[in-house]
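Right after this note come the structures.
Same chain, two partners: subunit A is paired with subunit B first, then with subunit C.
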Partner chain A sequence: MATPTHTLRPLACWKSILRHTRHQKVATRSLTTYHQNVTYSKFELPPPGAKPQGPKKIKVYPAPAFPPANTKEPLKALCADQIALLDPTGARTSLFSKTNPEAAKVGDILLVRLKGGDPFAGVCINIRRRGVDTGILLRNQLTRVGVEMWYKIYSPNVEGIEVVQRREKRARRARLTYMRKPKHDMGSVQNLVLAYQRSRSGLRGSGQKEEGLKGGKKKSVRGKKH
Partner chain B sequence: MIQLKTMLNCIDNSGAAIVECVNVMKMKRHAKIGDRIIVVVQKQRNFGPESGPGASVSTSAANKVRRGDIRHAVVVRTAKKLQRPDGSVVKFDDNACVLINKAGEPIGTRLNGVVGTELRKMKWSKILSLAPMHL
Partner chain C sequence: MAPKLLTSWAQLPPVFLLPDAFLPLVAKRGVKYGWTTAPARGKPARFNQKTAGLPVLEQSPAAALARKDFTLPLRTGALGIKKGMTALYDPDTGVRTPCTVVQFDRVQVVSHKTREKNGYFAVQVGCGWRQPQNVGRPLLGHFAGHGVSPKQFVTEFRVKNTSGLLKVGETIGPDWFMEGQFVDARSDCKGKGWAGGMKRWGFKGQPASHGNSKNHRTMGSSGASQGGGSRVLPGKKMPGRMGGNQVTIQNVKVLKVDAEKGLLVLNGCIAGPNGCVVKIQDAIKKPWPAIPAAVEEVKEALAATA
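After this line comes the complex of A and B, so read on.
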């Protein structure tokens, strides 16, 4: 702490320095230096001065190879996996594939058999192709009220999808939403479906011995149609 | 999507033909299948098709509600798509309801027309048993 006066009286600075130390000494005396080593931790701490034990061994995994093998398109692979799981025979995939000339198309009358509940039949007016989420929109009239149902074709609830009647001419639209209009509405397809079911049950009654299993039933029906 | 001012078909034989929604109960949203609404009868059903041999029955049934009556109703069909838990979606061509009293029993004795299966989930089994078909 230099004062401007020390140029005139060089020894005068000692006075202020001594005063400063005296103040410090008073401050130091009032400081408590009492210390007891009390630990509030539940775990025992190492005693002060103990050597720190070596770093804990942590298992280190090597980084995965990048890009991972066989997953150029991981979502596509996942989708294919799920379809293989939900449709092991591939029948459902081929029934709605674009390349299959015998596939169901918009305008066809389809019958969806469900695991729990009545089957639903209707004109297919839209096919939404999205891999495992692929769905079909069926329209019908029940008790003179138009009803539309979306079904996922790979849904475990859907037991089977059958083509009741094909459209004579290929539809020139991908979505036949105009069939909602009264001018184009097909009305109820219930009688067509009933006739189809009757004829099929007749076939099944005669050909049950050779077919036997449940799986063969669908195949034979579809084989006949193709 | 039934909300204020929506006109619905009434598909029971209570005598109402077209009703207008004035309130959706217990909700601040639009009503779906199985939801309870309050309606005003806008148009009475004419006794044309039923005024044959059982005319007395049909007229007495038709007199149960009149034009301008405020009644409770249950939505049984919606033109709005409704997705089911299994991923299938159902959509009807019209909005329809069934009139009920305040205790929840249907006013009419028979229904004509398909109704949604969601009624079972919402505990409207009496209406489901009256319906000729449910989907």
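After this line comes the complex of A and C, so read on.
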């Protein structure tokens, strides 16, 4: 470290001059021009001018084969299998199919024949389409009490579904829940069903020919017995 | 160089060099008070030896494994994707069974966890496929190290011992499970967000009238006042985040196995939305299923007959 030089050097003061030179000598001795690059990293740095290397590439193994058949919509595939098993003739499917113009629609009066128990008839106020789990909601009045029943159309317990009467005009709603209100309630469909059954039995008595003719108008679809 | 402060106790000089002020002021010898009915200890310095006369420690990893021994499944589970619900009908009896359809998407064993290395036995299973550029380098290296493609979902299934460690890279299909067996299905249930006490815990709420004002769905009181300590007890049911947690449905029956389409049909409902990941493993509360030990052997036999 150099001591600051005075602008006015006192010539008489030899002591301070000598001290100054002594300090200068020390300063020069401790100066160094030696230099070396030192690295503390474990890895050796690339030599200067070398191309920079990217990270090591990791091998990616291919995925195994995906099961091919009906993998996109497995639920639909499963439903189709079930429907094929439960409805081999396709009668149940076509009765509630959206593509079939003759299909039963909301607002129609349907009669559900069951394997065990009395048949149930009522206005269809809802069709819940869920593949094999498709169900219909029928509304009727028994002893002046409103009754609603859900039936699964593919259930083996449902022997057959018949259309008793069609709605005159197509319903403009998907669910006719407003029919629960007293203003719109149809009441009991018992008379209509009785008339329908009488006409059918009459037809059966008169002959086969007429039945076929009338059957086209009042379509009656029966599911296959299981 | 300025003298550094000691950064850790490991750098302290040995005890005999320390000044007296550093040593604990606890008398170790010559203190005799208290009594015990336990058998006399042979060598008090030895910790938890048989000669110590102490009961065997129950907080050790070995003890934990021994405790779990009875409930840990013998074989690994599998990952499935919930696809939705439908119903199966029995054509003979007409019984309708609601069911959940789970799809298996390239389920593979990714790696193992072992007692020596990790303290327990488990099989790491992955399913699906993920673009390699969407996987971080450490995970990509993990997959590559085991020779498995990058997986979308990875989870581990604990098993009892080494015999439950299915080979790495082995594919698990729905035929890993048998029709009629019981499984535990765990998945993350649907999140409901921040929900009030009525929705979250089924609180009754408060009456609509009778002088009630602006407090119809609030939780009401959160506890007693002065007699009860004037505080809210820990664990008090309150409004907050609901759902989104993992739910285990135990003893779910396997109704159908369709290896060709990679489908497993489970009885009833499983937590979570469609498309969620379902972890399926043998039910721990039922007897272990009698499944042919080596699936490969069965496959080979099938291939030979076909």
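One rule holds for everything that comes next: the second predicted complex is superposed on the first by the 134 of 226 C-alpha atoms of A that agree within 3 Å, B and C clash if a C-alpha of one lies under 4 Å from a C-alpha of the other, contacts with A are read in each partner's own complex, and residues count from 1 in each chain.
What we mean here is this: contacts are C-beta pairs under 8 Å (C-beta built on N, C-alpha and C of every residue); 3 or more make two chains touch, one makes a residue touch a chain.
Treat the numbers as computed from the prediction; the structure is a model and nothing was measured.
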| item | value |
| --- | --- |
| Touching partner for A:120 - first (subunit B), second (subunit C), both, neither | first |
| Contacts of A:74 with subunit B and subunit C, given as first, second, both or neither | second |
| Partner chain(s) touched by A:82 [first = subunit B, second = subunit C, both, neither] | second |
| Subunit A residues touched - subunit C or subunit B, whichever exceeds | C |
| First, second, both or neither for A:62, with subunit B first and subunit C second | second |
| Partner chain(s) touched by A:142 [first = subunit B, second = subunit C, both, neither] | first |
| Contacts of A:152 with subunit B and subunit C, given as first, second, both or neither | both |
| Subunit C-contacting residues of subunit A that also contact subunit B | 152, 155, 157 |
| Residues of subunit B defined as touching subunit A within the complex | 77, 81, 86-94, 96, 112-114, 132-133, 135 |
| Contact set on subunit C toward subunit A in their complex | 83-84, 86-94, 96, 101, 103-106, 108, 129, 132, 137, 140-141, 143-144, 147-150, 171, 173, 258, 260-263, 265 |
| Of all residues in subunit A, those that touch subunit C in their complex | 55, 58-67, 69-71, 74-75, 77-79, 82, 85-86, 115, 130-133, 152, 154-157, 226 |
| Interface residues, subunit A side, partner subunit B - complex | 120, 135, 142-152, 155, 157, 180 |
